[in-house]
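Working notes, beginning with the structure itself.
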């Protein structure tokens, strides 16, 4: 029993492993897609016709599926939570009040509403939250979240500045344009609508100043608008480039430490090598380098295996080995095609960074050079990747 | 008397300390919010009804409150200004002509206007300036101000370029479109309105060229528009990333110098360590690290105290100590929950930066390692954060 | 035969060499331009008149030209593809299924359609794909492609976030505004149209919320919109500055290694010098430096020759030599005009970077200084560039 | 005569010196402003009235003034051009064909047109070119120009990509929407108008797709639009931060080399110090530091003099001296007010950078420290800035 629960848990993880995890995840994503699509389309009267019966059916099915998922996850919560494993209900409560738990709760609501025969438009409101179930799978969303969090002080300051400009612009517009256009600028709340649409450079054009003073004010507000957008961008660019560098470094560091060639180097050298290498993933069967193409990088294998299609018989390279170094040393095009035999994590070293490495850490470059010479000298020429 | 004045002064500072400062500041912010909201809503005729009597009451109250604040601040000015302490009226004049003083003056105007029974719309004009009273409290606004100031030369150049493109575009539009649409392009000032709304990419659409030449011109103006927005952003990004780095470094330097573990290091090492650490604030009661979660940083306490909830009895750590280093050294999840016991200033060191520190300053890393070993070896396992 | 095929192949390469390559490329680009222009203009009824007969003629001619090009490239494919040279049909299939091959296939379609007497609007659809034939020639497009590819994980995450905000905003707008404006917000697909035009800050203004709740929602959507644009920019800025630095370094490294003055330096020094130099191209006849102008950089010749117009007789400098160093050393204006005698690849060294070079690599600066002294000391003052 | 010509020339330089240069430049700028304003306003029929007679008078006067300026500059060209000083007409031709010369030529055209009694709208067309006369004075415009020039390859590639997306989007819109809205999407040129206004996110809203396919297409075009804007920004940010750093360094290097305290240091140290200092200008009479304020930087005087308002008698510091170092060393507020006695060029050293300097170049910091000690020890406490 414990084993099967663990297996089920594994299938539901956000980073799936094992043969069944991928199909389970695809069904999950397809259910979210179909459910949201059905909700969206079902509100359009002229799209009804022969397919009309299908929308409620899809929504029911998807909602039922998510209800089952909610139950399974609730049951599994103690196995997932390492801390509260011996207090099952506390673990469950922890999960329900987490972001994922709240989204899963909300995902069940449409089912209850449908069962309670509420009007469809209510069910739709919560059904669209199904999209949030994709958040854990989305690559990069956590990075964006971290950027926003670390820049939140400045962003809040900018938002306050935005509101100040907004209210002052609306008040001025109300004073200046109020008499000329009482219907659209006759009160500050109405003028706020114009101000927000102008300050964000959206510019609907449903409310437009007509007096000279009003247009001068509008010109100033537009300039403030592009200034605020630019500041917004400046804050995020600064934060993003910091977080990007940090998360790349962390991942690469872990991988570099696992490559056998680098294990003899000191911590100082590894920290610098980790800044030169960049991680990349290859799915089973993908071609990493293709024979005859010009080469501008070499690869280190962290996990998985690759096949080098040499003529007598293909060669298999495993974790800790490298390939593609010939192109960097001799400058010739790739002499063999290399494809991923299993899912692989590789580190690639660009020509530019190989030059840096040669300059700053000749001992690492010599290591690579020695291995390359050994390969070329092998009697059967088997390793000519 | 001198003491009580100092206390009042402390309550009104922009960075409040002491138990009463926070409520005073919240009342202040609430007064600004309520006053501005009342002014905005009171201009909307259809929002009147049963609440109609309340708007003037709120505006009167808030204006009176700010008048009192103005008086208190005016009286206190000599205590605040260290230079002119012996010339009270000169100190007061200094304060009145500063930004904060001018805003406070303007905040009192609505009261005078209401007292003089002027029409409400005049009072509103100045009432919205109440929002400016929030400027000293806004986090990050001073940073934005410094960025704009240091980039002002280039920004003025860009603004001049903007005006050139604007006037030349409007003149061309007037020549090209003037005959086809005399009502909207029949004079250069009218064409300017179209040009500014196009060049800022707002695009109201109330004036649109219809001739072929006019549309070609508009296409060119739009391209200039996104070019100018991009230049604007480029200038601010460059300035912002410079100022950001500078202000972070300054704050961190101050804090690092106060942590006892770093006091033995030379200035050169401290300057580098200060670039790796990042400051963060935690309010009383906030959880800093949670048991069972994966850990990717350690913390140094600069000011304040934290509680580590160990089983026999919780442990209190104070200024100069650090915690959370186990996660960096062993890679295991956090073994205890740590919460802020008072308001804390902490410095956190990311895993990535800890690796850099290990590589470049092994002596600092060894210091941390030795303390970590000592903690694990303690008989009662009391310090397992 | 083999030789002539090679020659034809050379003419069709994306980086043409030889005297005939440039005219061939210009004809190619003119054909694309004329063909697309003819297709665009031919759909405008009131532009017909006396030129009406010409549009089909141009389209026919261009389509026929591209059909011939397609045939030639198909025939040549085995000569181009180094790997499959001995399997001609496999090489052809490889080429047809590549991006360039697919574009060339699509470029022939209009001819077949015209031959099959299909209506013109069908032919136009594929004719506009002719523009894609310019992709291999466009400078910088491959750089942009690499940036997008390397940032694709984060961009996909952001796109998913965009879709989430879009669908949730549309659902809320449908619930809030549906009753007030059934024609424009009466179904989620209709509300989606409003949401996408608002979230991208385009703001057509054909659908605008009118209720208070709807306008508050719209304000939030606009803020999300400028946030998403800013994140988009942040991701691309980070990726672009990385790729830019990398591709610049690679090109400069290659060039520096070919300049004779730098060949005595070690790899470490070359790697640093390569970061200071910046490559630039000059077409035959272009003036590189002009007599009497202030000088802020010196040049190294990588390939090609330049003429220094000295009085007794002009002086020719070839690959591996440098000029313009006087301005950096003495600060005087340029003493002679230097023009490119053939197409040249030059490396230029700015004054700022020359100072860095002096500081960090005095041996390189001394080399330049010694040569400069030698030049000034020459009896006939021939080398005073 | 030669002397007076030189004086006149000096008055007309873009970086004026001497007592008369500033008023001359202000008159020049005022003439441009008044002329352009008069042209703009004179086209507005309802702004006529009692001022109607003044507009032609202003335009005539300004045009005449610029004709005189053109003549003077033409006469002076041989004195300005160092190379062709002995060939006056060649020097004049050089000047006329330069950017400034062409603008000055165009500035005279309105006068000729007015004299030839052409309709006013023709004169306006060239009159607006008067604005271009401000280009040499605009701070930062040359920096922006250099950024655009160095990024032109990538920008041209992006522009080509923009045109591809534009034409393909317009063709698809024509096919998809052409039947539903023949008036606005009935030909590709008309659809191009919609495409350009959407792709630049201007979104006039005068042409909007109504079919489902057309709206899906429009959504894609909007996404491309914000993508293109973001790429545009990314290119400019990268180029701008490079040029900014380069031009700052160049200016600072020059100034640092003129400060006597730094002349004993080697080139390597000066290059690093130059990266820490930042130049700033102060006009006569401006207060640089104010007594009692907190201090976070010290200043080195490059040119000009400052007055320290000490009690017995004010102290004057000249080029090569520094002040404000106390605040960095002791952390106390400024002990005296320092104002610029003449126009000054100062270098300021931030606290953050002073810490870096202490860490990396203790010899420079010691120099400053020694001088600070000497000042405090002086019998009359005269130098306590």
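We just call them A, B, C and D in the order they show up, numbering each chain from 1.
We take it that a contact is a pair of C-beta atoms (placed from the backbone, for glycine too) under 8 Å apart; a residue touches a chain by one contact, two chains touch by 3 or more.
Just so it is clear, the model here is predicted, and its values are computed rather than measured.
For the self-contact between chain A and chain B, the two sides draw on mostly distinct residue numbers; the shared fraction is below half. Comparing mean CA positions across the assembly, the chain most remote from chain D is A.
Between B-C and C-D, more C-beta contact pairs join the chains of C-D. The distance from the centre of chain B to the centre of chain C, each centre being the mean of the chain's C-alpha atoms, comes to 40 Å. Centre-to-centre separation between chain C and chain D, using Cα means, comes to 28 Å.
Counting partner chains per residue, chain D has residues 189, 201-205, 229, 233, 235, 237, 241 touching two or more of them.
Looking at the complex, you find that chain C touches chain A at residues 81-83, 153-158, 160-161, 163-164, 167-168, 170-172, 174-175, 178, 186-190, 192, 198, 201-205, 208, 212, 215, 218-219, 222-223, 225-227, 229-231, 233-235, 237-238, 241, 246, 249-250, 253, 266-272, 274. Here chain A touches chain C in the complex through residues 36, 39-41, 43-45, 47, 121, 124-125, 128-129, 131-132, 134-135, 138-141, 143-144, 147, 162, 189, 193, 196-197, 200-206, 228-229, 232-233, 235-237, 239-241, 244, 291-292, 296, 333, 350-352, 355-356, 358-360, 362, going by the rule given at the top. Listed in rising order, the residues of chain C touching chain B in the complex are 201-205, 233, 237.
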